[in-house]
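Since the structure comes first, as structure tokens, the remarks are kept for the end.
Naming follows writing order (A, B, C, D, E and F), and every chain is counted from residue 1.
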Amino acid sequence: MPQSNPVHYADATPDVRAVYDDIKATRGVDDVNNYWKHIANHPPTLKRTWENAKEAMAPGTLDSLTKEMVFVAVSASNGCEYCLRCHTDAARKQGMTDEMLGELLAVVGVATQANILANGYQIPLDDDLKD
Amino acid sequence: MPQSNPVHYADATPDVRAVYDDIKATRGVDDVNNYWKHIANHPPTLKRTWENAKEAMAPGTLDSLTKEMVFVAVSASNGCEYCLRCHTDAARKQGMTDEMLGELLAVVGVATQANILANGYQIPLDDDLKD
Amino acid sequence: MPQSNPVHYADATPDVRAVYDDIKATRGVDDVNNYWKHIANHPPTLKRTWENAKEAMAPGTLDSLTKEMVFVAVSASNGCEYCLRCHTDAARKQGMTDEMLGELLAVVGVATQANILANGYQIPLDDDLKD
Amino acid sequence: MPQSNPVHYADATPDVRAVYDDIKATRGVDDVNNYWKHIANHPPTLKRTWENAKEAMAPGTLDSLTKEMVFVAVSASNGCEYCLRCHTDAARKQGMTDEMLGELLAVVGVATQANILANGYQIPLDDDLKD
Amino acid sequence: MPQSNPVHYADATPDVRAVYDDIKATRGVDDVNNYWKHIANHPPTLKRTWENAKEAMAPGTLDSLTKEMVFVAVSASNGCEYCLRCHTDAARKQGMTDEMLGELLAVVGVATQANILANGYQIPLDDDLKD
Amino acid sequence: MPQSNPVHYADATPDVRAVYDDIKATRGVDDVNNYWKHIANHPPTLKRTWENAKEAMAPGTLDSLTKEMVFVAVSASNGCEYCLRCHTDAARKQGMTDEMLGELLAVVGVATQANILANGYQIPLDDDLKD
């Protein structure tokens, strides 16, 4: 028994179709990814998640590639295969090279190790870092 | 009883002093942060951690500010106050504005939520994302 | 080489069989899940884990469905496929609909995002939330 | 140096005030929590986060108390003090007793332990749990 | 408002006192730690947690110091200050030196970084590691 | 599209080959694991990661088996299948029995549960655990 089944366009309600249409138009793709088809099992989640992503991932003071790489960093840290592969692919399409991916994961590793050491030694805040 | 005590320069062994000196020279600061003084309780960890950070955080195909922001993203995700404050400060000194921090944390939030939904619905890989 | 092999009833020691029998009687099932067969490689873990689950998952001031949904929420957050699928199945058998699962995962997402923002901005406790 | 400063109503821009007003009206409170005042440093995050929370935490097929308890469960799992205290308070105001909190945390503990064992023994999916 | 209040011996019910007495006798201490006094707000959790800890932390095929150090490793990884300080103290009383703590945290760091890289590069299992 | 492709010895640059040679010599194996072949996509990461592992996993004040078991504990906690299987295998080759694995995972479970309860009840530090 699958955890969830995809909601295909042909079977979707008008509100789900409207989100699919907006994703396809915004991204210039012919069909939406499995991600959207599965979260469409709960239409308010589909709508809210898409609106959040559309707003938060749009280029702003950070460019789109940087945002995709932060998405990859978080997904590697959390161990989510689907999101990792999906957003690595997106980042590569925007110009992320193997070397950039290597440097990105190196920073994630160094930061996580620093988090562990800061916890492990219970390092007190430097005076200029206090509230 | 503190979890660990800082190792001050005056009391440090020559190998610890050598790392402190390199940190100060590399960063152009008068003294090293509490982080280094506490992990100096285990000199091989101090040396290895500094060499890792020096290499991984140096500008490469990703610039230094982007790397600092990824460090902030990971530390926010892991909830490490020390690292978060320390590297937010570093990122701000390199030009991160409130708006950039806001966009950064928004991406971390959106990515983490996507990780949860991908897990929760056990979303299968799209064909073009498979090995 | 598998990480662990299942311990089948026919090959099990009396203390393992006693736990299997109790699981089958308590849940009204013909056989125990792979979960129990694999943790039976360490009989004290099998016994303790079953007793913990039996006590903590029994209806109390929280009903059984609510408890199963919290189990699903935690497993989605931690990204554990086995537990997620197993307890989603259990929750569905007790009446969890697609809409309820959608709302549940939405709360997990909103809460996790709030955790990230509370960390990222280092939000101080409101006075009435302090000890 | 504080990680962030609160944005008070008197100093807020009209779009931030509009969110504060909606929070106060929806919740029947005189002032908003520190959480909102700090994320207001990035107004789009304030607006999006509030709209997400307002929608996801509203009573639906899950009642409000259940949703607050799931929020507490996630925050305990992630170790976020601010969110934990804030939503424990909210859950208590809606009727969560010490016994309910005890049972809730017990389920979080049992589920997390199951996640660890399922990973540690690499337990294969039972046939009826497969896609 | 504190998240929870301690349950002192003088105010405790007989079943809570029985657990406190067993902790004191087993560990040879005059009073129990805050940990036990706070989880006593839910007596079944107190009893179950103590019995679990008593069994799992007792010397077996792993000695007591090794178990305490694994406890420290997990708590550093999860960022739990209370447990980290409490079990570092316990491990030190059993002989853990600064050098041992340093090596322990180094392994936690190296392992976590390996987890991130294994996720980030989606490294396939070597043939001899497959089921 | 695979997330990454292995770098085989025949195709590797001299600096990558030098690391492979050192791994093979240090461990007395004929070929390196997939782990090293994939992270070799970013040669500085390969070199740094190997040097870190070589130093941190070498027997010191903690013996090699204890270090492997801590690696297993961390990987079970983080849910990383590759690292878990790889280092369980390594630990078994050094003498870890089923019973030792069972006790190890039991400690990880008990520690994680304690972390959740310490968070959930916001347990204050005992006086002798304070800085």
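Here is the rule we go by: a residue touches a chain if its C-beta (ideal position, glycine included) is under 8 Å from a C-beta of that chain, and two chains touch if they have at least 3 such contacts.
Predicted model only: the values in this text are computed from it and were never measured.
Asker: Tell me, which chains sit next to both chain D and chain F?
Answerer: Correct list: A, B, C, E.
Asker: Look at both sides of the chain A and chain E contact and report whether the same residue positions are involved, with over half shared, or different ones.
Answerer: Same-residue interface.
Asker: So which chain is the furthest away from chain E, centre to centre on CA atoms?
Answerer: For chain E, the chain whose C-alpha mean is farthest off is A.
Asker: State the chain with the largest centre-to-centre distance from chain D, centres being mean CA positions.
Answerer: Centre of mass proxy via C-alpha means gives F as farthest from chain D.
Asker: Between chain C and chain D, how many degrees of rotation does a Cα superposition need? Round to steps of 5.
Answerer: Resulting rotation angle: about 180 degrees.
Asker: I'd like the Å distance between the centres of chain B and chain E, where a centre is the mean of that chain's Cα atoms.
Answerer: From the centre of chain B to the centre of chain E is 26 Å.
Asker: In whole angstrom, what separates the CA-based centres of chain E and chain F?
Answerer: Going by mean C-alpha positions, chain E sits 20 Å from chain F.
Asker: So which bits of chain B are touching at least two other chains?
Answerer: Only 1-3, 41, 44-45, 48, 52, 55-56, 75, 77-81, 84-85, 89, 99, 101, 103, 105-106, 108-109, 112-113, 115, 117, 119-122, 124, 128-129, 131 qualify.
Asker: Name, in rising order, each residue of chain B that touches chain E in their complex.
Answerer: Against chain E, chain B makes touches at 1, 3, 41-42, 44-45, 48, 78-80, 131.
Asker: In their complex, what parts of chain C are in touch with chain E?
Answerer: Residues 1-3, 44, 48, 52, 55-56, 128-131.
Asker: Note which residues of chain A are touching chain F in the complex, please.
Answerer: Within the complex, chain A touches chain F at residues 79, 84-85, 88-89, 98-99, 101-103, 105-106, 122, 124.
Asker: Within the complex, which stretch of chain F touches chain D?
Answerer: 72, 75-77, 79, 81, 84-85, 101, 105, 108-109, 112-113, 115-117, 119-122
Asker: Contact residues on chain E for chain F in the complex?
Answerer: For chain E paired with chain F, touching residues are 2-4, 33-35, 38-39, 41, 45, 49, 52-53, 55-57, 60-62, 66-67, 69-71, 73-75, 77-78, 80-83, 85-87, 89, 97, 99-100, 103-104, 106-115, 117-126, 128-129.
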